[in-house]
Amino acid sequence: MELQSNASNFLAAGFRYEESPIVIVGCPLDITSTFRPGTRFAPQAIREASWGLETYSPLLDRDLEDLRICDVGDLNLPQGNLAGALEMVQGYVAALTGDGKFPILIGGEHLISLPAVNELVKHHPDLLVIQLDAHADLRQEYLGESLSHATVMRRIADVLGNGGICQLGVRSSTREEMISAKEMGSLYETGEVLRLAASRPVYLTVDLDVLDPGVAPGVSTPEPGGLTFEQAISLISSLSSLRVVGFDLVELSPLYDPTQQSAIAAAKLLRELILLFCWDIDRK
Amino acid sequence: MELQSNASNFLAAGFRYEESPIVIVGCPLDITSTFRPGTRFAPQAIREASWGLETYSPLLDRDLEDLRICDVGDLNLPQGNLAGALEMVQGYVAALTGDGKFPILIGGEHLISLPAVNELVKHHPDLLVIQLDAHADLRQEYLGESLSHATVMRRIADVLGNGGICQLGVRSSTREEMISAKEMGSLYETGEVLRLAASRPVYLTVDLDVLDPGVAPGVSTPEPGGLTFEQAISLISSLSSLRVVGFDLVELSPLYDPTQQSAIAAAKLLRELILLFCWDIDRK
Amino acid sequence: MELQSNASNFLAAGFRYEESPIVIVGCPLDITSTFRPGTRFAPQAIREASWGLETYSPLLDRDLEDLRICDVGDLNLPQGNLAGALEMVQGYVAALTGDGKFPILIGGEHLISLPAVNELVKHHPDLLVIQLDAHADLRQEYLGESLSHATVMRRIADVLGNGGICQLGVRSSTREEMISAKEMGSLYETGEVLRLAASRPVYLTVDLDVLDPGVAPGVSTPEPGGLTFEQAISLISSLSSLRVVGFDLVELSPLYDPTQQSAIAAAKLLRELILLFCWDIDRK
Amino acid sequence: MELQSNASNFLAAGFRYEESPIVIVGCPLDITSTFRPGTRFAPQAIREASWGLETYSPLLDRDLEDLRICDVGDLNLPQGNLAGALEMVQGYVAALTGDGKFPILIGGEHLISLPAVNELVKHHPDLLVIQLDAHADLRQEYLGESLSHATVMRRIADVLGNGGICQLGVRSSTREEMISAKEMGSLYETGEVLRLAASRPVYLTVDLDVLDPGVAPGVSTPEPGGLTFEQAISLISSLSSLRVVGFDLVELSPLYDPTQQSAIAAAKLLRELILLFCWDIDRK
Amino acid sequence: MELQSNASNFLAAGFRYEESPIVIVGCPLDITSTFRPGTRFAPQAIREASWGLETYSPLLDRDLEDLRICDVGDLNLPQGNLAGALEMVQGYVAALTGDGKFPILIGGEHLISLPAVNELVKHHPDLLVIQLDAHADLRQEYLGESLSHATVMRRIADVLGNGGICQLGVRSSTREEMISAKEMGSLYETGEVLRLAASRPVYLTVDLDVLDPGVAPGVSTPEPGGLTFEQAISLISSLSSLRVVGFDLVELSPLYDPTQQSAIAAAKLLRELILLFCWDIDRK
Amino acid sequence: MELQSNASNFLAAGFRYEESPIVIVGCPLDITSTFRPGTRFAPQAIREASWGLETYSPLLDRDLEDLRICDVGDLNLPQGNLAGALEMVQGYVAALTGDGKFPILIGGEHLISLPAVNELVKHHPDLLVIQLDAHADLRQEYLGESLSHATVMRRIADVLGNGGICQLGVRSSTREEMISAKEMGSLYETGEVLRLAASRPVYLTVDLDVLDPGVAPGVSTPEPGGLTFEQAISLISSLSSLRVVGFDLVELSPLYDPTQQSAIAAAKLLRELILLFCWDIDRK
């Protein structure tokens, strides 16, 4: 008798850890958000939403079913202990890279990119981080704290040094962040990114709010005036030649979207990201 | 004393059956949906939403008030009896065509197109079905069932034979459906459709999910990356020269859209569809 | 590294099938509802809600962690095929009883009780069905159909014959149902039930709408004037001496309750039902 | 072919005006509310909710189907013109009484009781108004206006003079209102009301907020600590011997209750009110 | 100790009245709406939403923190008294202009523009009103009333005479309104507006429904097919050379948008409007 | 001209700090919640809800307007820094007691009671904490952390020693917590509490989930089977003779309650708490 165990993994990601070169892990960090909470529910909402999609992408003519992917579930992050939670994320990324897996992180808030980068840079010293995001996230500190969703790219820039980050889609910042971004030359056009990143390993971090609130209202900090879904897919596809060594998708807050369209958009983005950047890692 | 009997019919469709060459009927079939239910509430939601619009279309410079339309209400479909429900829809379409009425069906789920086509093809043997939809709906069967919202266009193709269906706007399918669509040549560009359909009677089926979830999140199966409202109207307007003998609008699920924008978009689409394709049938 | 696989089973029901004398199965049947759909989402919503509760019941001084329970997930019911779906439920209950398991069904709509009873009566010819419900569900047919959430107890009475059903909490019916209930003597007070059921195997079916809509608004057909949560627990506890051979909990429709209190109430009811009626089956 | 014209009238109230001694009219006045708007949607929401109930009341052993009731729809009240709107309500009540009909008004906000009383007192000079309400509504003026949902009972007291109003269930007021209520002796216990009203014609006005917000959260001004549904029915039933010449049910705001339980509670209250107070007016 | 008094003013508008040349006032008029109420909550919702944005606009390279703005809160409009409410708005605008302040009004419904124009035209006899709106709002009367959200531009045209209003973005009207608009030549393209308005003082009224419902579903009367957020900003920016003497932003109804994206879009529009049209009034 | 600055303080709490012996402060801590976030929005939601109530309590015949209360707004707690946030709460309570103010804290999550008690016990060495709560909150640690909403009463017991806490209304705990509560004798009946507390200064902490989810569904962790609003008021009133030196109201999560009834219930509880326990502190 056929049983269904609904939504326990992302679409087509039902393989065992041992047999899967690609691993999805939920990182439900939801501590530093100031405007709207709820990113803790994102990994599960994306899994559930994914089952309303097909495994096949007509655009790419590729199918998730040709890959072996394991969705391991969510990290059991300690409550109210930010340092401990970040450490756990880094530890898990270390375990994945130790096992030769391609890491895919589903946030949770944007801060999860920091421990992922902290770990990956050990293996890829010339790592480049490409960020798709409505916000610059370059503050030195936010409300007195140096670790925050609003400072995460500054912290990553601290780790990677000059030229370590490329920012695409940014449409909101403080004046100080804008000056800072110009000084460090982090704001790029797509073409430039391709030249810059051609020879470097890339970690891609996608903040769902790079999309327009019209198509993804359920995020921590909606910023009007963003990309349509097609523009986002087109932008991501333009990066397909890069050597991506890991990526994340962060900042979905499904609590704020009873229509579920935000989670569905996130799930479809994730499908396309996997089909674009993991296609050559593994084919069944 | 003026009384208002709110929302008991679609905007301006308050004529008696006998005097109306154009008839709207609600077909609240809501049985085979797998992802999100609620299409049963669509006809009533579209009626209520229509009263926030004008009867006049500035784009077309036409006014619903120049037409005589009867909205007969909803078919009282038997619960849990799919075969019986489809039979009742077909029976009602037969009655309408018998009375010389132009049939407009409001779903309910997409499967209602099948009995409509089954009936209309008796009167129009060279009937062409033009489908606006995010999904191909060409599966041979779905979850073991041959009758489903996901198989409806395959069943219609079975009835009409090769060249019987034209699909516009499809952006999601399985790999098998895509192969199948290519084999039967059902995927068209607008220009081609006009040539193909020039001499044939047309049944138009509009799945609301052809719109982007940003403008119509309240559908059974939202698929990111669709048409804006203007693009949809433009596409439909481009078909205005065709001889349409009936149409439907399906798959709205108002339960999932507390903003009501999906029902309002459906109501406005319906207004424009009527003004485009029923304008020459009847003018008061 | 500790991973969390959220909400993939009911609280503390993470044992393997082979080691568990008690089995929970979701039966997401959602076809015949006329008023409000959505019971298909109930099993998953109850699982997720259960993790906000403790495994321990202060009232009963018993703990789920002392039992070995397997939550096998949901049956993959065929869409739009009522007969096939009921057959699948019956088949699964047959498999469970064949393996000596205690069956716990989570609906889905109330009709799932029928195949469960159809199967259990083979093993327990003097089976008594005790129903907690706001509605009599005794119609001969509903909207022309003999199989419906509104006819289920009539169909069960057809199977079990006179004296086969006891109805508690009923506060809504047609006049005909009331006459019928009086003729067959199905309406009972708790004390009478205890006498009647003392020597018989019992199947208990709990329609969540026996609770007041104030505490469980998310049901298919809310009926004002029902039990408080405490009254419901007290009523169920009064049956604790009976020999229950299976039970179900049906008619939650989480779509209609953004507060989640209905799913949480269902989950707590389920915990207490298990601790009351499965306690002597198995203790670790 | 059976067609369904959903929700166009209250349950079982589908008779023509001419043949019905009992008439329901919606009065969607929604102008003076200060806290939460939306009572304009109440009549339609109550109609739709009523179809989830039975026509038969097990408690009263009476059935709506034994009565001839006409639901005429909603008055088309002028926007933003309070005086004009009240005049229209009074005009319609005058028409009803002129035709010998028993008037049942569905609000809209509480202020609609004022024109109803203004008209009925012409025919029943010793009219007594019994109010079930969480709030005293006895302010002399509210935010500078003498006509408001918060002053309505004061205005009615102005019309009827001393001893003209009986208030039941009041649990919120200003200190001034409380003093005032004591001075005019308007606060009663049920038993006293029965004695007082024994020989007088009664107009009953039921503000839905007399119920606890737990069972009717969707009202303009929820006030914690109210009646359970059963307590409300019991209170109303205790008045069954009175000679009621009209009644209203006001202040539902369905916008604030996505669970729909408030509208369902209102619909069931209305069913019981009709079966209690219109039973002897007409039996088919 | 730092305290936060959340949302008591619009972002960065925390200056005292005396020191601020720019004043924001909420005008929560919510009386004549026929379709969906709730504009009374708009000013507060826009204030709260504004705190999720930055004070700095990367597009304009300007920062609200360089201006001195006072948000005085909401006018305490009399309930149910339309004439009194309009008078109060006009009185407050008179006070502002008397004190030499630049007035910014947040609606409330569109009718608030009328008293603002009534007052400003006293000081600027050649005042031109530029309207961004989905609807023409040119009816002579609406539901029998001459003062309504649907007649406001007709009333303003009555005040200003021929050539007094320019309408941009209109996509819905009755046939009569369209004829009327053509007769009075009120429909413009942006370029024409610039020529026309070059030498005249301008009052700008922005109805949020000029945006597409996809990006601002929470308005009184959503009209599919509107501007994206970027198109709206671009349109407004094209007017930057005009001499604007006051503006308003009206018709947000936050009740209908649980995602909050409509209020956030309104807040960002307001930020850009201030930075565009008040930049030269005052710089700290 | 009368302006309204909506919801910037709790009902009638508009006095300046200097003139007020009673001070309300919002403590929007929202870090350790595991089930549902959103308590950060509670203080503002309670303020807004309070304006739908009267200042006068008919039950107590007392009026808030007779007291001088200052609502200072919310503490600006550092994001993601639990230790820093708790320190800031304690610092503010220290400032209040230093100024001779009666402290009223609105959570935020339950953990805010700990710093309040830490400070108050300095001034009242024999402080007794009375807790109204559905949950025991007596865990030694929760998910590896010693500071959590689920451990707060254990931490307070650590501070106050044996006999320091009285727990009322507890209906959920682990088996270990229950054993622990029995060992330390913290579970009381109301009568016992009165005897125990007669001669001691009392800090009262009210977790809103002591109410039944039917009347307060919007809390972090709803637990079915709680108090009605009347039972809660009655329980609190029974403590009126105690010498209360401060209190808090915690765990409202307004995000989960679109009906707003939870925030309204919290606001009314707060009004009654103030009228009961601050009445003799200050009378104007």
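Every chain is named by a letter (A, B, C, D, E and F) in the order it is written, and numbering of its residues begins at 1.
Here is the rule we use: a contact is a pair of C-beta atoms (placed from the backbone, for glycine too) under 8 Å apart; a residue touches a chain by one contact, two chains touch by 3 or more.
The model shown is predicted, which means the values in this text are computed figures rather than measured ones.
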Open item on the list: Using the touch definition from the top, what's the fewest steps needed to get from subunit B to subunit F?
Closed with: 2
Task: Listed pair (C-F, A-F or D-E) duplicating the B-E contact set, over half by residue number - done: C-F
- [ ] Report the chain whose mean Cα position is at the greatest distance from that of subunit E.
- [x] C
Task: When subunit C is superposed on subunit F by its C-alpha atoms, the rotation angle in degrees, nearest 5 - done: 120
Task: Interchain centroid distance [CA atoms averaged], subunit A/subunit D, Å - done: 55
Open item on the list: Centroid from C-alpha atoms only, then distance subunit B to subunit D, rounded to Å. What do you get?
Closed with: 41
Open item on the list: If I count partner chains per residue in subunit F, which residues reach a count of at least 2?
Closed with: 76, 212, 214-215, 258-259
Open item on the list: If we count contacts the way the header does, which residues on subunit A are in touch with subunit F in the complex?
Closed with: 30-34, 37-38, 40, 76, 78-82, 84, 142-145, 147-148, 255
- [ ] Spell out the residues on subunit E that touch subunit B in their complex, using ranges where they run on.
- [x] 35-36, 170-175, 178, 212-215, 217-218, 221-225, 256-259
Open item on the list: Residue numbers of subunit F touching subunit D in their complex, please.
Closed with: 51-56, 58-59, 61, 63, 212, 214-215, 228-230, 233, 258-261, 264-265, 268
